[in-house]
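So, here's a batch of structures to check.
Next come two complexes built around chain A: one with chain B, the other with chain C.
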Partner chain A sequence: MNAVFSIANTTVGEAIRRRVLLIILMIGVLLLSIVPSLGVLSARSESSVMIATMFFVLRFTSALIAIILTVYMIPNEIERRTIYTILSKPVQRWQFLLGKFFGAVLALAMMIGLMSLVMIVLFWVFRHPDIGKLFELGRQALLYFVEMSLLAAVAIFFSTFTTPLVNFFISIGLWLVGTVLNPLYETISQNNSNPIMQKVAQFATTLLPNFENFDTKNPIINPGSMIRNETVYYLQVTGYGLLYITILLIGGILIFDRREV
Partner chain B sequence: MHGKVNVVDNLNLEVEEGEIFGFLGPNGAGKTTTIKMLLGIIYPTSGEGYVLGREIGDMNVHKVISYLPERPYYYEHMTGMEILRFYGSLFHIRDEAKFESLLEKVNLAGDKSKTISQYSKGMQQRIGLAQSLLNDPKLLFLDEPTGGLDPIAHTEIRDLILQFRDEGRTVFISSHELSEVERICDRVAIIDKGKIKQQGRLEDLLSGGRIEIIADGVSQEVADKAKSTDAITSFHNGRLIVDMPETTDVNALLDSIRSKNGKVISVVPRRRRLEDLFIETVSDKPGADRSAGAEVGS
Partner chain C sequence: MKRNPVLILVLCVCAVLQGVLHAFSIFPQWERDYSPGKGNVVQQLAPDQIFLSLFGFREFLAGILWVRADGFFDEGNYDAVLPIIRLCTLLDPKQIDVYATGMWHIGYNFTDEEQRSDRRYIPSALALGKEGAKNNPNTYEMFFETGWLWYHKVQDDFPKAVTWFEEAQRRNDIQPARRNLLVWAYQRAGEQQKSLNLLFSLYERAKERFDKNDAEYSNRQNRDTIEGNLDTMLVRMAQRGWFAQNTPEGKAGNWYATGAYDTKPPFDVGFSVKATVVEPKVIKLEGTWNVLPVGTRIKVILKDKDYPRGVPAGMDWDADNAVNLDPPKDITYMQDELYVRNRRFNKKVDMSRDPGMYPFTKQEYVLEFYYNPRIAPPHIQDKFGFDGSGMTDKNFLNTSIRQGERVIYASFPLTRDMIWRRGKWADKVPSIKTANYIETGKTSQTGQDDVLIDVPALRGK
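And now, the complex of A and B:
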């Protein structure tokens, strides 16, 4: 695990210095900072609008960071030949791939952590909520972090055999589809009596990563909406994310292990 | 193999312990592919290979070998010292004194706190050599170690490579710089179209120099005699230029020129150079195949 840790550590060092990521992060923080002033534009509860908009900014910015951070990760190492000096040492390819993934996850944790902190502080300053509300915000931010780790695993998986550009579109496409899987499935189930279509919808919903599961902002915004057993739900969703990440990493390792670099 | 093209085929290299071995070939001959296969970075389509008596890809081999790729890139945000710490950690080496001494060895002790982005090409190559020495390797693979460097950096890298041999390490160099290889290598192999065409000690491969004779007032009869030998001749208006192997009877030709009132202007012995051998070998001349087979090991 020493090699995995060393590679992860170096990956974090490089990721937090990538200008494009820092610019996206700055834009994210800037957008979060102006969200409190948008509440006056809505007739709805200002707090609800503020939370919904902040979550949207946090989620979208994090997804962009996760994808841009990871799609270039492996191809860059090959193109710049850094991988040769590493793999000629006693380092296995799976260690290299895991090191890269964990490095990406650590960098994501730092960036999402920073944006979440800005979000919580701003909400506290402008809305003076009780501590329970702040905890709910923090918990949702944590779920977004698991979601983005899954998205990073998707991008790392595809980076073992596709070009960065193709990978960018596949990853962003899967994320967008994954965020509407639940409503899509419900619509098809309710409005389509064709059993084949229903099976296809069920299969797609099961096979594709369901990113919608990680978005629980509705119960936070809308007091009428609630999750029946919160602890079980959050554990299940986190477990789902970790299981999916594990499957993607194993798949990525198997492909990368035989790939010519 | 890449796709359906044989990049290297039936390759046997014999590298002796403690020598500098030059691996030569034109662009696309398969040099880098061979090195990557030996390092287990790419896989042969078929067959097997051994390095230091162990199968390619064996992690125990990776503990005692090292590799410096052509024009390597190092993480630019890191300092020279951090580079050594990073690569050292891949071997579980955390010996700061060792890092210091390696930086000293490659003459970068004063620049250890500078980031790689502040290093010149020569300095980057030197930090590359330092990282390749972290595990005290028995066998070093250097791919174009002096490529793109200025003459001073060239000399510094050459001196370091010679120093590695003095320390008892085996150095495997892939290079296009034939004069450099001729200066430092003990033995060479020339690869072309994926096959070894020449392999052996430099002094053996370069033996058999040539002699150039220029004479004036030479008769046609003597010129014809010179042409009948194993020589390259040029004859025009009584001037004869002969380029012949030193093993030919030079004195007999000189005697015949003089006996027919010719005037010998110059007799210049010319040593065979690695460049001559290389061009002869890769220019598809018959009889260029003089390889000897064995596995890579030292």
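And now, the complex of A and C:
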């Protein structure tokens, strides 16, 4: 496992040095900073608007970082031929892939952590909420972290056999589709009487990575909702994320292992 | 590592597990607790709006749009407000103000030149209320607002109002004074015992609040109001013979038959009417109603004979579950009220200036007159009783069109040619009257011959 950790460590260092990621991060933090001033433009409760918009910025920026961070990882190593140096050492391909993924996840943790901290501090400064509300914000940020780790796994999986540009569009497309899968299936199951359509929607919802599962912000935005078995849901959805990450990493390892580099 | 069967097996197991976990555990809870739109977001939004609705900007955008709608409202541009209301509710289904204001706007603000509401919109307004309540089940507001629309605007099918108000009562955040309305809804729905029981419990609750904090003026006011209402109701129930007819003692002692109650004997309202199409799409309505005290309002309805889901003197108001802000433009439904003064009513209903609201595209129509004592003012109910037991009409009393209710109902057929004054009616004045109508003067202003059609009364033959 030392090899995995070494590669992960190096990957984190590379990620921190990449200007494009830092610029996105800075834009994210900047956007978060101006969110408190937007509430006055809306007829809705300022707290609701503030939380919703902050989560939007956090989620969207994190998704961009996750994809841009990971789509180039393996293709760049191959293109620069640095992968030969690594694989010529006693490092297995699966260790290389896992190291890259864990490195990306660590870098994501740092960046999402920073943005979440900014978000929580700003919310505390402007709205003076109780500690429970701040805890809820932090918990949603953690779920977004799991979601972005899954998105990173998607991008890593596709980076084993596609070019970065294609991978970028596939990953972002899958993420966008994954965020509407649940509402789509919900709508079809409630309003469409065609059983074939319902089955197709159910199949797609069950098969594709479902990013909307990680979005639990509605009760935070709209206090008063009664949620049952909250902790169980968070544990299950985290388990779901880990299972899907495992699937994608195994798939990536199997493909990468057979690939000519 | 190549073709590693263990890895492939693990992959397959994980794939099955994630599917099972999602389908049987995560999705049901997500749908119940975390869904943003409760099943209508994807169906009714454009693709670009779907993404906005599912990200965090939806509340913000909905808020901005709602502020914009306010501007349109001030300008009187009501048509522009409708799509904004819909978009706001789809983007942010938790914004109760939009639902409540939207319902009121749809239900009340679309009127003709004479301020008659466009009733074709009412099912949509109710559907918006239903959707709002479904999306905001934890607060009383949308349940109350929907109940209020049934109670105040529809004024028909009061059990529906009761259902909604009861749902509102079950929510703890309901304002104390708003609990009181269910009392009157029960009464209009014919549930006097429930009405009385609720009033007693509301009084106890108000008294308790007052005892806890007697310095709060609203606590005192609420208690005093309920106490006054309770006193009045008990007196009225006694005088109208309700206790005599509905308590075991009253029934056993045959109180109603032997006692002198205000509702005895039933009073014949002597309804008669004459409708004259004085100009194309202008109908003059004259008639009699033998009740001298002011406060009688008789509903008059002119609608397509085959109006979708039409019922006598109304329609199935609850028919829509989907919000449709653009009701069919080829159907006609006019509803107005005839105010009785000095035992007569006389009103000219002009539908000629609103072709969009009254298109008259069908060949056959029905003109209906309807009076339900359940919505009569209390001083008239003192004679008629809660449910019309003190009211009768030898020609038009009807106990079948509203199950278990005594109402006055008369209906007449009209044709498109009569209303448009075309074809064989181009040079004649169509005039329809009940057999018991007594002329008090010339109704035709044109000098042409009136063609009177005698419609037999309900019990005329």
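Note that in this section the second predicted complex is superposed on the first by the 259 of 261 C-alpha atoms of A that agree within 3 Å, B and C clash if a C-alpha of one lies under 4 Å from a C-alpha of the other, contacts with A are read in each partner's own complex, and residues count from 1 in each chain.
Keep this in mind: contacts are C-beta pairs under 8 Å (C-beta built on N, C-alpha and C of every residue); 3 or more make two chains touch, one makes a residue touch a chain.
Keep in mind the model is a prediction, meaning the values are calculated, not measured.
Superposition of the two complexes onto chain A shows chain B and chain C fitting side by side, with no clash. In the superposed model, A:Q92 makes contact with both chain B and chain C.
By the touch criterion stated above, A:I250 is placed in contact with chain C alone, chain B being left untouched.
Of the two partner chains, chain B and chain C are each touched by A:R258. In the superposition on chain A, contact of A:W124 is made with neither chain B nor chain C. Within the superposed three-chain arrangement, the count of touched residues of chain A is higher for C, of the candidates chain B and chain C. Contacts of A:Y234 after superposition on the shared chain: neither chain B nor chain C is touched.
Legend: residue contacts after superposition of the two complexes on their common chain; A:F55 is shown touching chain C, with no touch to chain B. In the superposition on chain A, A:T179 contacts chain C only, with no contact to chain B.
Within the superposed three-chain model, A:Q202 lies in touch with chain C and out of touch with chain B [touch as defined at top]. With chain A used as the common frame, chain B approaches chain C to a shortest CA-CA distance of 11 Å.
Put simply, chain A uses residues 92, 258 to touch chain B in one complex and chain C in the other.
Across the complex, chain A is touched by residues 2, 36, 39-43, 59-60, 62-63, 65-75, 77-78, 86-87, 89-92, 128, 131, 135, 141 of chain B. The residues of chain C lying in touch with chain A in their complex are 1-2, 4, 7-8, 10-11, 14-15, 17-19, 21-23, 25-27, 29-43, 50-51, 54-60, 62-64, 66-67, 70, 92, 94-95, 97, 138-139, 173. On the chain A side of its complex with chain B, the touching residues are 2-3, 5-6, 9-10, 13-14, 17, 80-92, 258, 260-261. Of all residues in chain A, those touching chain C in their complex are 38, 41-44, 48-49, 51-57, 59-60, 92-94, 176, 179-180, 182-187, 189-191, 202, 205-207, 210, 212-213, 215-219, 221-222, 224-229, 233, 236-237, 239-240, 243-244, 246-247, 250-251, 253-254, 257-258.
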